[in-house]
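Structures are listed in the sections that come next.
In the two complexes below, chain A is the common chain; its partner is chain B in one and chain C in the other.
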Partner chain A sequence: MASLTIKNAVKRYGHVEVLKGVSIDLRDGEFLVLLGASGCGKSTLLNMIAGLEDLTEGEIMIGDRVVNDVHPKDRDIAMVFQSYALYPTMTVGQNIAFGLEMRGVPKAERALRVEQVAKTLRMDHLLDRKPAQLSGGQRQRVAMGRALVRDPEVFLFDEPLSNLDAKLRLEMRTEIKRLHKRLNATMVYVTHDQIEALTLADRIAILKDGEVQQLASPAEIYEHPANMFVAGLVGSPPMNFLDITVEAGEAGPAAWVTLRADGADKPVLLDLSAHTARLDGYVGRKVVMGLRPEMISQGTTDAGQCVQCEIDVTEATGADTLCVLNWNNQEVLARGTSGYTKILEGTMDFTIETERACLFDPESGLRLD
Partner chain B sequence: MLTRPPVKFIDRIARALPQIVVAPGFAAILYFVYGFIIWTGYISLTKSKMLPNYTLIGTRPYERLFQMDRWSVAIENLFIFGFLFVFVSVVVGCLLAVLLDQKIRAEGFIRTIYLYPMAISFIITGTAWKWIMNPSLGLEKVIRDWGWESFRFGWTVDNNLAIYALVMAAVWQASGFAMALFLSALRSVDQDIIKAASLDGASPWRIYLRIILPSMRPVFMSAMVILSHLAIKSFDLVVALTGGGPGYASTLPANFMYEMTFRRNEIAVGAASAMVMLATVAAIMVPYLYSELRGKKHV
Partner chain C sequence: MSDAARYSAPRPWSALIMRLLLWFVLIVFAIWFLLPAYVVVGTSLKDLDEIRGGSLLALPHELNFSAWRHAWSEACIGVECTGLKPYFWNSVSMALPGVVVSTLLGALTGYALTKWKFKGANLVFALILFGCFVPFQVVILPMAQTLGKLGITNTVYGLILVHSVYGLAFTTLFFRNYYVTIPDELVRAATIDGAGFFTIFRRIILPLSPPIIVVSVIWQFTQIWNDFLFGASFTTGGAQPITVAMNNLVNTTTGVKQYNVDMAAALITAAPTLLVYIFAGRYFVRGLTAGSVKG
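Coming up: the complex of A and B.
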């Protein structure tokens, strides 16, 4: 186990800059998720940590050792690939033992460690099979076993769950979480799935165009996204963005929003007094208000401002029923009720928790703080 | 009761069109390949000499065949030639493929150079190598003219070495083809597997030896089958390079068959040797095809 430090990592292919100076600092035993859309540079960064690609500039340290020029095999890392990358001609047992064999571990000890790992991952009955005879989930386990048996300083995961079906993905996600808790190992996990990121990570680094947009805990990223990109990426269903103009209200800043109710558009003044300090100097200017669907809930409560809205469409997802509302001639998703049963239609009461809203500068996209 | 509308003639034709298109080719193969196999089989049991004669005499031609020294030399040569040719071509081809796989410059150019001999007819290969290996005008003369007076390279005129001269020319021709087969197989290996192996601490040659080459087993099988049936069919190379000589020291079964059938008025013996060759090819191809087709069904 070791800490991992990435200092100002830059990667260029010719004139194309894939990574533009990424700095991340990982404590010993921390679980970092690199989240971003495809092409954002997250896999490149992972390959650079593994030593499969060179850095153009910058420095990577494992523990207090600079590993820029250290061969992958001497970095003491293990990686789980999206394609699993199992050796097709070897049995599961040989696959797991291969790394130990290459490092000259004696045969008896190899067998012992393979057996332990197989037991941990509940696949001791599969050891004599070839990869082609395994299901997707079992292959995934073998790939994890191959990483585990080496007991490395750092674990790297390159979208390990994206080839699994939805149910297995959930199971393996829990398994990885459990594994991290038990091993307390330093792990870097690349994914484009924000739910995986939120559930697994101690900290998430969100990448876009080769730059870190935000590096923070999942809660921090969810509640206080650094900019509109992060706010839109994280959270499902995604955050609603509304263009508003800040006005000076009686109790503090406020903004007019046009709501559709009873078949007619009706302006409502939203109270933004909770954001007084934040909106200092923004009166009369345009800002973007970000409201997550669960901040607009059906019914009247004391949690926020109560308004009446007409429901355009309802979408029952099982756990929640989502309502599509019409604000400022724009679709807005709201969380109607929890549970499936209630049918929502017509004009109903909704409570908006305006004090939890995020406000962004429309030009820079940054959150107002 | 409903009567079916009459099927139009044109519709019937349209429905049968695939069969109609394939039929001539099918009939030709049936007649010219399988028909003549049966005919040859029949002739090999008759007392045909210069012209076909349909009087059956049982397995006498086969008995005569196996009593002939020329035939036993041809069979022995086939084993030496076949084994060395397949083995050396596969090893050289594999080595070239691994070397070409190292992301070298001008790979396409070099690949073409190695593959080119395959595009040349065996007659040309044979003639070229005949000149190269001719003691009085080829390599031996050049090196002697340079001053190494005792240099000897007279393989084509040596009873014991002539067959190895054939192996050398055939390997030169076919190893580029083996290389192309192996190279495409090397390229189709999942790059992640190689990355995983190097993270596991395997050196590049160990990655090849333990992971990549074993996973190419089907390609090795294909290469061996293709090369061994090339070996069994080798005829023109022998004609052009050594003419089967000196004497009949470098005869292969195909040359034997030609010699008997068309030059020595022993059609029955020639047909018998052809049947033995067919049996040899079948012994190699049938298990291969069987395993291939069975493998397809499982997928």
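Coming up: the complex of A and C.
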């Protein structure tokens, strides 16, 4: 196992800058997820770690060795591809053993290691089959086996679950998590699925337009997103963004909010005194308030400020019933009750946990800290 | 009129007439195309008396293979009366290496152009493709000079070289277009696994190639076997391929024109390509339409 250091990695194709100076430090055994929409540069970064693409500028180190000019096969990495990239004409066993064969591992040892890996991944009965005879999930396992058998310093995953159906994806996600726990290996995992990122990662690096937006633990990213892009990307259902104007209230900053669909009611003054320090200098100016749906819950509790809102639409998802509210003429999603315990309609009480809200500067999009 | 009536099937008798008309047209065209072939085969099985006495379309009285034997081993080509046999083997020893070399090189070029993209790879491909459109007559003089410099004029090796070089444009096109459909991730995975350029070619790419290899082999075999121009231009006498020899056989007449021998010679010359199409034809179509190789 080894640490992985990326120093100011830049990638340019002609005049197009795909990566604009990315620096990430991974300690030994850490699980890093690179999260971002397609075209953000996350796959390019992974390919650069693998050695499949050159860096324009910067440095990549595996352990304490600079690997910029080291051939992929000598970097001691293994990669799982989105399409699995199994060799179609070889059997599962040959697929797994290919890397060992190329490294001159004797045949007897090869067979032994393939068998071990096959047992670990519960596919020892598949070794003689061709990839075309396998289901999607089985192919996925073979791809993992091919990486595992090499026992590399760093594992690289390029959206390995995106070709699986929803149920299998959940299973394999757990499998990968278990694998990481057992091997305690350094892993870099590329995905555009924020749930995968949140569940798997020790740390997440969120990329946009070739720049790291935030590099932090899943909890930190969820609770304290660095900017509106991160806040909008992570979390399902996504965070509500409410445009408000900060006023000077009696106890500190506050904002007027209308809570009815037609906006005809008297506005309610939302108490933002918990954010006094943050909103210093913003009185009289517009800010964006980010509220996750679970910060607006149905009923009266003492967790936050209670208000009466008119419910526009409800969406029952089974586990939760979501309510679409209408504040300041903007749609706001709230988590109503859990399950089907109560019929939600008309005007009801909601508790807003304004303390936990995130506040963003509307121009820069950065979170006010 | 109700919808049901409007869309009901046409009456049986009109359908029958259409069907009969269809068969009639198909049969007429089949006869049209098969008639020359029938005349060639039929004439080759007749003796000269029968040819002179009977109709062109009459069936031969008996299966008489003497014209075939004569064409194969006795007929005079120029002054040598050896039949087509030695020239047949000339063609075999030219076509087989020519096919193997041009197919293998085409596979390698196609692989390099798709899986190891370098700057200007597309330009190189476009230039190679250009070779498909160069008429062979244009290159005869420079090629004759080249063969002269290399000292392989009037040899089978010279023809192998010429056919390998001019086949490359087509074989590269075949393999390049086939390899484009093989996912690049396979090559990436193999690279990380530690395989190099040739190992990946041999272990991963080539095993995926049989459909397109069949296409390339059929195409190249037909081209090389049927070539007349290069054979006539670059060889004389004993080194000639069968196409040129057959032409000379037909033109070498002493006294009576032996139509039956000429026909037999033509069939012997055409036989190998015919056989290749009969046995591998369906792989040819399958290979041309072969798409992705989803693993």
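Please note the rule applied: the second predicted complex is superposed on the first by the 362 of 369 C-alpha atoms of A that agree within 3 Å, B and C clash if a C-alpha of one lies under 4 Å from a C-alpha of the other, contacts with A are read in each partner's own complex, and residues count from 1 in each chain.
Note that contacts are C-beta pairs under 8 Å (C-beta built on N, C-alpha and C of every residue); 3 or more make two chains touch, one makes a residue touch a chain.
What you see is a predicted model; the values in this text were computed from it and never measured.
In the three-chain model built by superposing on chain A, chain B clashes with chain C. When the shared chain is aligned, chain B and chain C each come close enough to touch A:Ala85.
Contacts of A:Leu366 after superposition on the shared chain: neither chain B nor chain C is touched. When the two structures are aligned on the shared chain, A:Leu269 is found in touch with neither chain B nor chain C.
Look at A:Ala132: by the touch rule set out above, it reaches chain C but stays clear of chain B.
Of the two partner chains placed by superposition, A:Ala251 touches none, neither chain B nor chain C. According to the touch criterion, the shared surface of chain A, contacted by chain B in one complex and chain C in the other, consists of residues 50-52, 72-73, 77-79, 81-89, 98-99, 102-103, 146.
Residue ranges of chain B in contact with chain A, taken from their complex: 190, 192-193, 195-202, 206, 210-211, 214-215, 217.
Residues 50-52, 72-73, 77-79, 81-89, 98-99, 102-103, 131-132, 139, 146 of chain A are the ones touching chain C in the complex. Put simply, chain A touches chain B in their complex at residues 50-52, 72-73, 77-79, 81-90, 98-99, 102-103, 146, 150. Of all residues in chain C, those touching chain A in their complex are 183, 185-186, 188-195, 199, 203-204, 207-208, 293-295.
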